[in-house]
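In what follows, chain A forms one complex with chain B and a second complex with chain C.
Our next item is the complex of A and B:
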């Protein structure tokens, strides 16, 4: 078995580990460091990808499908293994989910975190206050104390994960991306739902092995990996499964960068470890994520432009979840910018988990043919 | 209409012409003097915003107009442009323009309307923009897009969900102060605390009258049509702090007092008293007329004409404005909204609640079922969720809406 296949098999196996002592969270603005410092494993809720029934009793159908999907999981017991869930005020849908989750999700504890949309001095101050409130709430509810030292250790642990994932991602800048977009998505999903210590060990071991082969970059799994079509940057809404990526790649392109909160945004930057106060550093890092929800569209655009350059992208696919207002409103604006910069853009609006939709397939195919 | 971005004069003429057309439309009820004054004031405000010499600050609902008046600038509650446009029937073209540009039809039509109006060059160019985290995600996002288009600064006000925490109040107050100072810088205006105190006093005065008017509307039979009363909200959002609004609310109060004294009823032989939640369809009055005149079901109150705050301290303007803002029941948990609706049902002797649920409004629609269920534990009142658009008349079907309203009224009749 090649180093590469061995690694992917290990990731798959590790995903199936029994998740005990987890605290769930939905948005990447929730600092995992705080959950780890409280002695728990942060578990990103990705939704279950099955039809929604129970959730419709609480929230309208014209609502963020990811939120409905996650709520369904809370109602049907899929997340009963969690010791609690953190819901952050990252959108209208998330903050309403907080209402329903604490009302209907059974005995599970529900925590809340307010997250401003602006990263200026007062935005940071507001977020810092919200973080203190969140820490106190966790301490009170779980009956423990989160120490500064514990936070520092967690910061180092999470930074290491980010560093390693970035290293893997950057290997995709080259001509022969070592992972397909689908594989990479699975790696990121695993890293957000598993014990960080273990994640770090497995990824580090893999990196060490391929470095030992004397190569600069990760080698493709074999000479005929079949991922050498047009290079795509995928951006937009939350994506809980790699189905769309798989479809794109099945049709002959390769997703080399996913600017998604379940993709590269997760590890896009590190927390300053030597900052005087841990919570200040966390506030700065988590508020600087280049997300569409923030009011600094210019900063987000500069980041995206950098990524299409760095990853030698040929075309952009913008994915918007139905009823996700932030992305529905952002799309035409970002599309124009990409087009002005010379990048073709394909827009796809769909439900959370892509059901085989012929129409989408035809459009993706036409787009890829145009890029070839 | 082809006008350049900076051509406020042509925009002004166009807007004026549309507004005059609207004023000439036959009305099915004689409006109160205060309501006519309110319409004229809003018209004047829009006309001001089209003047080259005006400093125009685009704001979303929650941004207190007081800080803008304190700078001598014009507060333009930009979503209300969509409402006015819908009323004069120029909205379809605006919506078409936004959809052609790629904005989804599933999103809020107020915001899409404004985006379309901007694409068609109909909006008075802003000198600065201020958005806030409430009520919805769409608002700050489109303000950011506008800021780039018009090359003007965009300030953002973060209103926390946890309204009862002490730090929430402080952080809102601090932001308001900073935003005010920044707005002064951006518009080249001078900020004076004395002026702001004076403006706060205006708000307090108007608030006392408006609260009195709210009290008078508790009278059975109701002295005012809901169809007329609901239009106050758009003005309120941009008139707090102005002398005009003091006059309007005093006038409203006097007129309602007189009507109550005389026993004048807005709807003769009033049969039912309704509470209306959310805004209204702006493209016609049919729904209100059908309820109020055909079914004699008066809309006795609306959840949005809300004053939930107490007198502000003019010596501590930013803290007071923050407090005023945070008392709004639309912020925070669904329980706050439920309690607010329950109190209105009790205070206004309400027989039924109509909860209007426009397709694209995530903020409000997500409350529908939660409030409906929560309310059941508080008061015994039928609750009807009515899917209806505020701005976009393209899917409106008079017959369908009537059938649904008939069914609701039947429920109310069954309880008599």
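Our next item is the complex of A and C:
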């Protein structure tokens, strides 16, 4: 078994580990460090990727499907193993979800975190305050004290995860990426739902072996998954399943970068470990994530432009969830920018799971044919 | 004989074009039905008989359309690429095509070509049959007129009503209420054409109109719809002699090119 296959098998096996002592969270603006410093495992809620039934009794069908799907999980007991859930005020849909989750989640504690839309001085101050409220809330609920040292240990742990994931991602800058986009998505999903200590050990072991072999191990597997086709940057809404990535790759392209909150945004930057005050450093890091909801659209565009250059991208696929207003509003702006920069853009609007895949397949295949 | 085939398995009809080199040998259309494999077989065997050729004389086949993966073919391409190829091939000597509007049985596509006739952008409606051939089919059934009469009847429109519902189901209810108000069938048909033109027009404007504009797909036979689209977009539309088989023709052209390329490379 090659080191690469061994690593992916290990990841798959680790995904099956029991999740005990977890606190769920829905947005990547929730600092995992605070949850870890409270002795819990941060668990990203991905939704179940299926049509909802129960959630429609609480929220209208014209809601962000990820929100509805997550709520369905809270209602049908899929997230009963969680010791609590953090819902950040990252959109109106998340805000409403907080109200309903408290009703739906039974005895499970629901935490709320306000997140400003700007990383200016006022925004940072407000977010720093929101984080301190969140810390107090979690301390009171769990009956413990989060120490500055505990936060700093957690910062180091999470930074290590980010560093390792970035190392894996950067291997995709080469002409024949070592991972298919689907494989990489699975790795990120695992890293967001598992114990960071274990994640770091497994990824570090793989990276060590890989470095020792002079990177020879990451040879293309083009016969297997066609990883040498047109290179795609995928951007847009929350994506809970790799189905669209698998479809793109089955049709002959390769997703080399996922500018998604379930992709590279998760590890795009680190927390300053030498900052005088841990919460200040957390506020700065989490408020500077290159997300569509932030007011500073130029910062996001510059980041995207950097990524299409670094990862030698041929075309961009913009994925928007139905009723996800933030991304539906962002799309025309980003499309125009990409097109002016000479990058073809394909727009796909879908649910939290792939439906009408025949039509989506035609569009993706035509886009790939256009790039070839 | 180096004969090649382009097969377009659409949601409503299946089309086959046979080519020999640069020459079109013939084309045939049939309703797709529930078993597209059988439809293709019957259609193809009919063509082989008509042209007195054997199955093994067909050296390369390219399939396209929604059922493209359902049959055996040497290559599978999308109807968007095939359509762009055919429009360029058909029109390049007469008019330089820059925009293609294709209205099919269950979707509608707008394709943008650059100055060299290469596809640079496209848009496609999805999820619903609004503004497609299916919409016209449903409306003709309610109005009790034949599909191919719609264009001629709309010539006699006098007072065109606004049909605001783009959804086929809601559009149906709207047409029924217009009938109950005593509106003339000819006027309603013209209103239907106008509503489709508005929807398609919005798609065209999204990627930008550049002349010459090529219009194909089954509904391109409908001169009333053509007129409504021309008014909406304020451009002249160019319709090929047989607009329903353009996509199959594009597939056949690609098959021909691939066959020649492979013969040259000895593969």
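Going forward, the second predicted complex is superposed on the first by the 361 of 372 C-alpha atoms of A that agree within 3 Å, B and C clash if a C-alpha of one lies under 4 Å from a C-alpha of the other, contacts with A are read in each partner's own complex, and residues count from 1 in each chain.
In this section, a contact is a pair of C-beta atoms (placed from the backbone, for glycine too) under 8 Å apart; a residue touches a chain by one contact, two chains touch by 3 or more.
Since we're looking at a predicted model, the values are computed, not measured.
K.L.:
According to the stated criteria, A:363 is in contact with first (chain B), second (chain C), both, or neither; which is it?
P.N.:
In the superposed model, A:363 contacts chain C only, not chain B.
K.L.:
So, does A:344 touch the first partner chain B, the second partner chain C, both, or neither?
P.N.:
In the superposed model, A:344 contacts chain C only, not chain B.
K.L.:
Classify the contacts of A:106 with the two partner chains as first (chain B alone), second (chain C alone), both, or neither.
P.N.:
In the superposition, A:106 contacts neither chain B nor chain C.
K.L.:
As a test of reading the superposition: which chain, chain B or chain C, is in touch with more residues of chain A?
P.N.:
Of chain B and chain C, B contacts more residues of chain A.
K.L.:
Which partner does A:39 contact after superposing on A: first (chain B), second (chain C), both, neither?
P.N.:
Neither partner.
K.L.:
Just chain B (first), just chain C (second), both, or neither: which does A:21 touch?
P.N.:
Touch status of A:21: no partner.
K.L.:
Once the two structures are superposed, pull the chain A residues common to the chain B and chain C interfaces.
P.N.:
Residues common to the chain A contacts of chain C and of chain B do not exist here, since the sets are disjoint.
K.L.:
What part of chain A is in contact with chain B in the complex they form?
P.N.:
My answer: residues 57-60, 62-64, 89, 91-93, 95-96, 98-100, 103, 112, 114, 116-118, 122-123, 125-126, 129-130, 133, 292-293, 295-298, 320, 322-323, 325-326, 328-333, 335, 347, 349.
K.L.:
Which residues of chain C touch chain A once you look at their complex with the stated criterion?
P.N.:
So the residues of chain C touching chain A come out as 66, 77-81, 107, 119-122, 124, 126-127.
K.L.:
Which chain A residues qualify as touching chain C in the complex?
P.N.:
Residues in contact with chain C: 344, 356, 358-360, 362-363, 365-367, 369-370.
K.L.:
Spell out the part of chain B that touches chain A in their complex, as residue ranges.
P.N.:
101-104, 106-108, 111, 131, 133, 136-138, 140-145, 148, 154, 156, 158, 160-162, 165, 167, 171, 174-175, 178, 333-335, 357, 359-360, 362-363, 365-370
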